[in-house]
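Chain naming follows the written order as A, B and C, and within any one chain the residues start at number 1.
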Amino acid sequence: MKKLFGLFFFIFGLTCISAQEIDSDLLKIKSRMDAINEFSAELQLDLDAAFINMPTKYASMHYTKGKDTKFSSDDFVVLPKRGLDFAFSELFEHPFITVDRGIETKNNKQVKVLNVIPTDNKSDMALATLYLDVKNERIAASEITTKKNGTYALEMEYPDLEAILPNQVQVSFAIEKLKIPLNFMGSDTDIDRKTMRQMDTKTGKITLLISNYIIN
Amino acid sequence: MLKATQLSKTYKSGKALDNASIHLNSGQISGLLGRNGAGKTTLFKILCGLITPDAGKVSIASKKQKPIGAVIEEPGLYTYLNAYDNLKVFSQIQGAPTDITTLENCLKEVGLPLNRKDPVRNFSMGMKQRLGIAIALLNNPDILILDEPFSGLDPTGVASLSKLIKQLANRKIAILLSSHLMAELHKVCDDLYIIDNGKIINQGLTQDIIDSQVTIYTITGKNIENSDFIQSYIVQKEKNKVTIKCDSEAISEILKSLLDDRFKVTSCVPNITLEQLLNPVSK
Amino acid sequence: MMLPLLKTELFKLFRESKTWYAIAAVLLIELIILVAAYYQGAEILDLLLENLQQSFYFEGNLLNGNLLLYIVLNSLWFNLPLILMIVSSSLITDEYKNGTLKTLMLQAVDKRKLILAKFIASLIFTVLMLLLLMITTFVLAYGIFGTGDLVVYLGTLNFFPSEEAFKRICFAFASGTISMIFFTTVSITLGIFLKESAKTWIASAFFLILSSLLLKAKFGLGAVESYFFPKLTNSWQRFFDYEVDVSSILLDNSVLGIYIILVVLIGTYYFKKQDVG
C-alpha cells in the first residue's frame, strides 16, 4: 500500500514537473486555441515555386476540433499537408516539453522563440520551433520538423491585434527529386540534366489568404 | 483547220519525229498509218499541246475555247465514277454545260446506254473508247484526234465505231485517226499519211495510195473459183473466194468480165499491207 | 474558272473510297490514342505527382478530358500527317496513274489553275479532317472524362484552369492544322516530281520523319535556325507555356505559311513546265 501511494505521488510529481516544463506564454496561447471548437473559412491559395506555375486557386475549409479538416473546391487545388493546421491542434495533440530560446526580432516584431519537443513516440513531429507574439498571445511563425515529411515553415499574419486565427499564412516547403516522365514532356523541351541534378531538392511557398471566418 | 509544219521531237532514246507535216480540213477524215513506235502518238501529243516540239509549228484556224478534242493512247477515265459523272467532271472544269439533257445527249451520240450507273471500271474496252470520244467531243471542238481507236475492238466494235466517226465528220469536224492496221483505216479515211521512223513517207487520198500500191485482191462470190477468166490471176483458191494478183488498173476489167460471166460478186477487197505502203514500189 | 475546278476536285476526292478509308482510319487511330491516353495519363499523373503528394493534398481530378486531349495532341502530329499525305498526294499521282491527267489537259483547262485547285482542295480536306477530329475528340474526351485543370510539364510544371485549358487546346489544334497543311502541300509537290504513288508516299514519310528528327537538331546558326521549317511545325506546344508568347507563335506560323506558299509555287512551276504523258 505504501509503495503504491509512493508510486502515485511519484507519477503525480512527474506530471507536475512536466506541466511546469511547458512555457506559460505558450499555455496561454494554447488555451485560446483550445477554445475554438469549430470554424469555417474561405481560402485563396497562391503557389510560388520555381518549378511550378499555378494560377490563384480558391477553396473553402471547415475545421472541427478532434476531426480531420475538410476542404472543398470547384477547382483543382493543391493544399499543403502541413500548413493548414493554424489552430495548431496537431502540435498540441501529444504531450511535449518546451525549451526557451530567448527573444528574437522576426518581421519587425519581437518574438519569443521556443523549441517544442514531443515526449510521446506517437507524435509525427520530431521538433518544432515556435515564434510567439507574446504581446498579442498568438503564434507569429513556426518551423516544424516532421519525422517523415520534411520541414515546414509557417508565417502567420493577423487582421487585428485581437485575432487568434490568421488572415494570411505563408507555408514554405521543400520537395525532393521531382520526377518527370519523359514522354510527357514537350518534344522540343531541352533537358538540362546538369541543372536538374543540382536542383534535386526544390523549394517553394504557398500563400493562403483566409477570409470570411465563421467561428463557433 | 489545222496545219502542222516540219515538226521534230527527239528523246533520249532517239528521234521520235523528223520534219513531219500534216494538215487537216473540216469534215474530212484523215488517217495516220504506221508501225508501232513510228511516231504517231508523239505527233498527236504535239498537235494537242501535251508536249512541245523541238522544231516546227502547229497552227489551228479555230476560235473555240477547246479547238481540239482527242483520245490519246487509252482513254483516261475516272474508273471509280460512272459514265455520266465522268462527263460531268470533264464538262464542269471547262465551263461547258453540265445539265442532264446535254450530258445524256453526249452519251447517246456515242451510243452509250443512259441507264448504266455502275463505275467505268466495269465497262468493256469498246464502251471505254466511246466514253473517251464523248469526253473528247465535250465543248464542241473543231478537230477530233483519235489515237488507235480501233485497238482492242472486235469486228462489230470496229464497224460501229467507224460508223460513228463518219457521222461526226458530217458535223464538219476535222478528224485524224491513227492505226497500224490498214484494213481499219482504208474504209473510213478520205486521205492517208504514212509514217515510218518519225518521217511522213507518203501522203495522199486513200484511194490513190491504195491504187498505186495494191497488187492483190480478194474477191468473194458463189462458185467464183470456177471462173475460167480468173484462173490466170489466182494466187489462192477457196470455196466461194479467190485471192488474185493484179494491179488497180486491171481490177475493173476483171470484175466486169466476172459479171459478164454471170458470177455474183459479193465483195472485192484490196489486200494491202502496211509493209507494202512503207516500202512503196513505183509503177 | 477556279471555282468549278475546285468543286470538281472536291467532288472527285469525296467520291473515292480511299478518302473514306482514310477518314475511318484517322478516327480509329484517334480512338485508340484516347484510350491509350487514359492509361498513360493515370501513370503520368502518378509519377509526376508522387513526390508532390508527400507535401500536398490534391482536391479535384487531374485525369480529365483536358489532360487526355493534351496527350492526344502530343501523339497526333506524327500519326495524322502520314495518312493525310497519302490522300493529298493521290490528288495528283492518281491522275498520272489513270491517264486522267492527259484527258484533263486535252480539255480547255489552264494547267496552272488545275494544280492550284488541287492544292486548295488538299487544304480544304486537311482543315475538314482536323475539324472532324477536334469535334469528335472533344465530345469523347469531355463527355467521358469531364473537365478540370490541366497539368503539363514544359520545363516547369504548369497548371491551367479548365476554361483556359480548353482555349489553349483549341489554339493548339489551329496551330497544328497549319503544320498539317504544310505537310500535305509538300506531299502534292513531291507527287508532281515523282508521279508514282508508292514513291511519293515513301518520300512523304521520309520528309515527315526527317522534320521530326531535325526538330531538336542544333546547327549553330543562331536566330536564323529558328525559321528553318522543322522548327516551325511544333508551335502548337507553345500554347502550353505558362505565359504564351502570342506574337512569336504568330510569327512562326506566318513563316510556315510562307514555306507553304513557296512549296506551292515550286510545284506549280514544275507542273506547268512538264510535258504530259
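The criterion applied here is as follows: a residue touches a chain if its C-beta (ideal position, glycine included) is under 8 Å from a C-beta of that chain, and two chains touch if they have at least 3 such contacts.
A quick note: this is a predicted structure, and the numbers were derived from the prediction, not measured.
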Exercise for the section: Just say which it is for the chain contacts: an open line, a closed ring, a star, complete, or other. Expected result: line
Fill in the blank from the handout: Larger contact count among A-C and B-C belongs to A-C
Practice task
Report, in whole Å, the distance between the mean C-alpha point of subunit A and the mean C-alpha point of subunit B.
Solution key: 101
Handout entry: Between subunit C and subunit B, distance of the C-alpha-averaged centres to the nearest whole Å
Key = 51
Exercise for the section: Spell out the residues on subunit C that touch subunit B in their complex, using ranges where they run on. Expected result: 1, 4-5, 7-8, 11-12, 15-17, 98-109, 114, 275-277
Problem - Sites on subunit B touched by subunit C in the complex - result: 45, 48-52, 65-66, 68-70, 72-81, 85, 89-90, 92-95, 132, 135-136, 138-139
Handout entry: Complex contact set, residues of subunit C against subunit A
Key = 40, 43-44, 47-48, 50-52, 54-62, 71, 74, 148-149, 152-162, 164, 215-216, 231, 234, 237, 240, 242
Fill in the blank from the handout: Within their complex, subunit A touches subunit C through residues 50-55, 59, 71-73, 75-82, 149-150, 173-181, 183-190
